[in-house]
Amino acid sequence: MSQFSHVNQSGEANMVDVANKASSVREARAEAFVYMNADAIALIEAGNHHKGDIFGVSRVAGIMAAKNTSQLIPLCHPLLLSKVAVDLELQADQNRVRIESYCKLEGKTGVEMEALTAASVTSLTLFDMCKAVDPGMKIEGLKVLEKIGGKTGHWVGES
Amino acid sequence: MSQFSHVNQSGEANMVDVANKASSVREARAEAFVYMNADAIALIEAGNHHKGDIFGVSRVAGIMAAKNTSQLIPLCHPLLLSKVAVDLELQADQNRVRIESYCKLEGKTGVEMEALTAASVTSLTLFDMCKAVDPGMKIEGLKVLEKIGGKTGHWVGES
Amino acid sequence: MSQFSHVNQSGEANMVDVANKASSVREARAEAFVYMNADAIALIEAGNHHKGDIFGVSRVAGIMAAKNTSQLIPLCHPLLLSKVAVDLELQADQNRVRIESYCKLEGKTGVEMEALTAASVTSLTLFDMCKAVDPGMKIEGLKVLEKIGGKTGHWVGES
Amino acid sequence: MSQFSHVNQSGEANMVDVANKASSVREARAEAFVYMNADAIALIEAGNHHKGDIFGVSRVAGIMAAKNTSQLIPLCHPLLLSKVAVDLELQADQNRVRIESYCKLEGKTGVEMEALTAASVTSLTLFDMCKAVDPGMKIEGLKVLEKIGGKTGHWVGES
Amino acid sequence: MSQFSHVNQSGEANMVDVANKASSVREARAEAFVYMNADAIALIEAGNHHKGDIFGVSRVAGIMAAKNTSQLIPLCHPLLLSKVAVDLELQADQNRVRIESYCKLEGKTGVEMEALTAASVTSLTLFDMCKAVDPGMKIEGLKVLEKIGGKTGHWVGES
Amino acid sequence: MSQFSHVNQSGEANMVDVANKASSVREARAEAFVYMNADAIALIEAGNHHKGDIFGVSRVAGIMAAKNTSQLIPLCHPLLLSKVAVDLELQADQNRVRIESYCKLEGKTGVEMEALTAASVTSLTLFDMCKAVDPGMKIEGLKVLEKIGGKTGHWVGES
C-alpha cells in the first residue's frame, strides 16, 4: 500500500488528480551550488564586472526550463507560472556560485518542482559555460528552501 | 580576454564552431545522489521488489532529457546520441539513491552535458515521485565521472 | 457551408474560439489494441512477472504525450490536464495488448484528443520496444470509449 | 534472457548503441485507416474539391511529428530525416480515409517508427478536425508496409 | 531605474509577476508583409486557385507557433489561448503577401507577443516554401495592429 | 507544374529529399531591424553600459530558436548546426536596433532558414522586453544577407 502520491496500489505510475484541490497562491524557492576551481572563479569574477553574460545566459536557461517542467518530469502537471526569478551570486571565498530560484503560481499544485528545475538547469548551463576551464566542477545541495500555499501551508526546509 | 569557450572577446555568449573538429567516438559518465529520509528509503525498498516504477519512470525521464539537452542548455550543440543509459541503485545504508548515466556519440563534441542532464533529470523525477513522503530531499554530488574521446583523450574526475 | 468546427466558411483551418464556453469537469477514455505474434506475447508475459519495464516505459510515454497534445495536433487548444492515467493489459489469448487511457480536465474543451494521443503514443512505444521480435505488429481499434462533460454531456461510443 | 533490443538483462529500458552499425539509406512506409460515418465522408468529399485544408493540415501535422519522433518515443534515437511524405486518400465506398507515410534517412537506424508516428499523428489530426461531425471514428490498421536498408535488407509486411 | 517591465533594478531579466492582475478577455491582431519577385508571385497566384498548400502550410505553422510562444520568448508567460487565426492575402500588384494574425485569451496577460509570433512564423514558412524561386524575399512591417483588454483597454497602432 | 521545391505536382506539401545531395560547409547570414521610439532607445542605451541583459536575453533566445528551426517551419529538415552567433547593435541615430545572425553547418541543406529564424526570434524577444515603453515598435527588413555553400555557391543579397 504505497504512500507515494504518484504511484497507485499496483505500483504503477500515474499523474494524480488535482481537479478537486482548491486554487491558491503557491510559491517555492530552491537553491543549488556550483563548486569550481580558482581559475573558473577568477574568470567569472573578471567577467562579472563587465557583461555578466555567463550569469545572464544561465539565468535565462533556468527561467525557460521552469516553464518546461511538465515536459521534463513525467508526472508533473502542466501549469501557468505567474512569476519565475533566478539569482546567481559568486561566493568566491567558498569557491562556488550560489543559485536561488523562485516560482509563483495561482493554481492547484505546488511549484517546488518548477523551482528545482530552474535551479538545476541554471547550474547545468553555468557548468557548460565554464567546463573548458574546470571540467571537474560539482553541483551540490539542490533542495527546496521554502514552500508557501496549499494544504501544507508554509513549509521551510532544514538549514 | 576570456578563456571560456562559450564567451567571445566582448563577453557575449556564442555557440562555438565545431565544424573543423574531427569526428570520433565520445563517451561520458556522470553521477548524482539523492539523499532522503528513512521513510522514503523504506518505501522505495518495498516497491523495488515488485514493479520498480519509481526507478523506471525516473530512468525514462533521464534518457529523454539527454536527447533534449541542446534545447535546455542554450549553447550546447544539437547532436545524435548513439546510446544513453541510466542506472539507479538504492544505497539504503547511506540514506540515498545513486544515479549513474552514460552517453555515447560518434561526433564532434563531447557528451558530458548530455550525461549530466540525464543524471539531473533522473534525480528531479525521483524527487518528484518521493516528495510526498520526504519534501526535504537533497540532490548532491552531480559531476562528470569520466570522459573519453576528442582532443583531451581520456579524462577521469577526482574521486 | 462547412460543419467541421475547425474549418471556416472559406475552407481555411482555424483554432475555434472557446472563450465563451463554460468551464466544467471534462473526462475522456480511449482505447487501442496492439496485435503481435506469439513470440512477442511470450516475451512480454515473461518480463511482466519481473520488472514490467516494457509496459512501464510505454505508460510514461503515453502520459507525457497527453500533456503534449496541443503541440502535436495543430488546432487543439492548450489545456491543463488535472489527471492522466494509462493502463496496459496483456490479452495473450487474443494475441494482443489492450491499452486504455483516461484524461481529466476542469476547463472549456473536451479531452478526447488527449486521451487518444495518450493511447496512440503508448501503442507506438510498445511497438518500438517489441519490433525486434515482431516487426509485423498492427495497432487497431483506436477510438474514444466515453466522454463526460461539456455541452454534449455523457457520450458513450458504440461497442 | 531478453530478446527485446530495448531491454537489458535486468529488464531495464535502455537506448541501444548504434555507434558500430553501418550507415546506409533507410526507407520505411506505413499505413493507417480512419473509418468515419457517411456525414463526415460527405463533408470531406465536398471540401476536397476546393481547399483541401482538412487533408492539408493533417499532412503537415504528420510530417512535423515524424521529425519529433525521438521526443515522443522514449528509446528512439534522434536522427536526421532526409525526406518525409504523407498521402491521404478518401475511399468513400469503404467509409474511410487511407493514410500512407514515407520516411527516408541516410543513417544507422531504421525509420519505421518515424513512418508510424507520421501516419499516427496524421490520423489523430484528421480525427480532431472531423470529430464534431462524427465522434465515433476509429483508427485501424496502423502498421509498417515496407522497410528498406540496414541488416535486414528489404522487409515487406504481410498484406 | 529601469522602466522595462522585464528588467529589475539590477538590470537582470525576470518574468514579471502577473498573479495579482485581473483576468479579462484579451485580444491582439498583428500584421506582416512578405515581399517577393514576380516569379514567386505568379507561382503563388497559379497555385492559389487549386490546392492552396503554400498558404495552408504557412497558416498551420503560424497557429502552432502562437501556442509555442512561451517556449520561444524567454520571459513570456505560459497561457491558454482560446483562439488563434491567421489570414494570408496575395497582393500581387504590390509584390507581396499580407499576413494578419489574431489571438484571443481569457487571462491575465496580453497576447500581442503570441500574435506577433504567429505572423512571424507564418512569414518564415512562406519564405521557406518560396525561396527556391526567390531567395531575396524580405519580411517587412511586422507590428501589432490592435490590442484589446487589460489595464490599457483598447490600443490601436498608428497606420 | 510547380517550381517550388516544397510542393509536388499535385500541389501538396512535402519535405524534399536531400539524401543524394553532397555534404559541404554551409553558411548563412541574416539581418533584421527593430524600430522603436526615443524613450525605448534611451533606456536601452542606458542599460547597455551596465548589464546588457536586454541584448543578452534576446541573443540567447535567437540562438536557441535557430536550433529549433525544424520544429517551427514544417518542411525544414532537422540538422546539426555547428555554430550560431547573433549580434545586436544599437543604432540610436536611426531609432533602431540592428540584428545580424550567422549559422554554419557541415551538411546537405542550406542554413538560411536557421539564420532567419535566429534573427526573427531575437527581434521578437527584444520587442517583448521593450513593449512596456513602446508598444508601437516595428520589425523591418528581415532578409538573407549572404549564403555560402551548396549547389549555388556564394549568393549575396541585393543591398
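Points worth noting:
When the chains are written out, they are named A, B, C, D, E and F in that same order, and each has its own residue count from 1.
Note that in this section a residue touches a chain if its C-beta (ideal position, glycine included) is under 8 Å from a C-beta of that chain, and two chains touch if they have at least 3 such contacts.
All figures in this text were calculated on a predicted structure; none of them were measured in a lab.
Number of steps on the shortest path from subunit B to subunit E, with steps defined by chain touch: 2. Looking at the partners of subunit A and subunit E together, the chains they share are C, F. For this pair, subunit A with subunit D, the centres built from the Cα atoms lie 37 Å apart. Computed centre separation for the pair subunit A/subunit C is 31 angstrom, with centres defined by C-alpha atoms.
For subunit C, residues touching at least two other chains, in rising order: 12-13, 51-53, 56-57, 60-61, 64, 68, 74-75, 79-80. Inter-chain contacts, as defined above, occur between A-B, A-C, A-E, A-F, B-C, B-D, B-F, C-D, C-E, D-E, D-F, E-F.
On subunit E, the positions that touch subunit F within their shared complex are 2-7, 10-13, 43, 47, 50-54, 56-57, 60-61, 65, 68, 72-76, 112-113, 116-117, 120-121, 123-125, 127-133, 135-144, 147, 155, 157-158. Only residues 25, 56, 59-60, 63-64, 67-68, 79-87, 104-106 of subunit A touch subunit E when the two sit together in their complex. Those residues of subunit E lying in contact with subunit D across their complex are 51-53, 56-57, 60-61, 64. Residues of subunit F that touch subunit D in their complex: 12-19, 70-71, 74-75, 77-80, 108.
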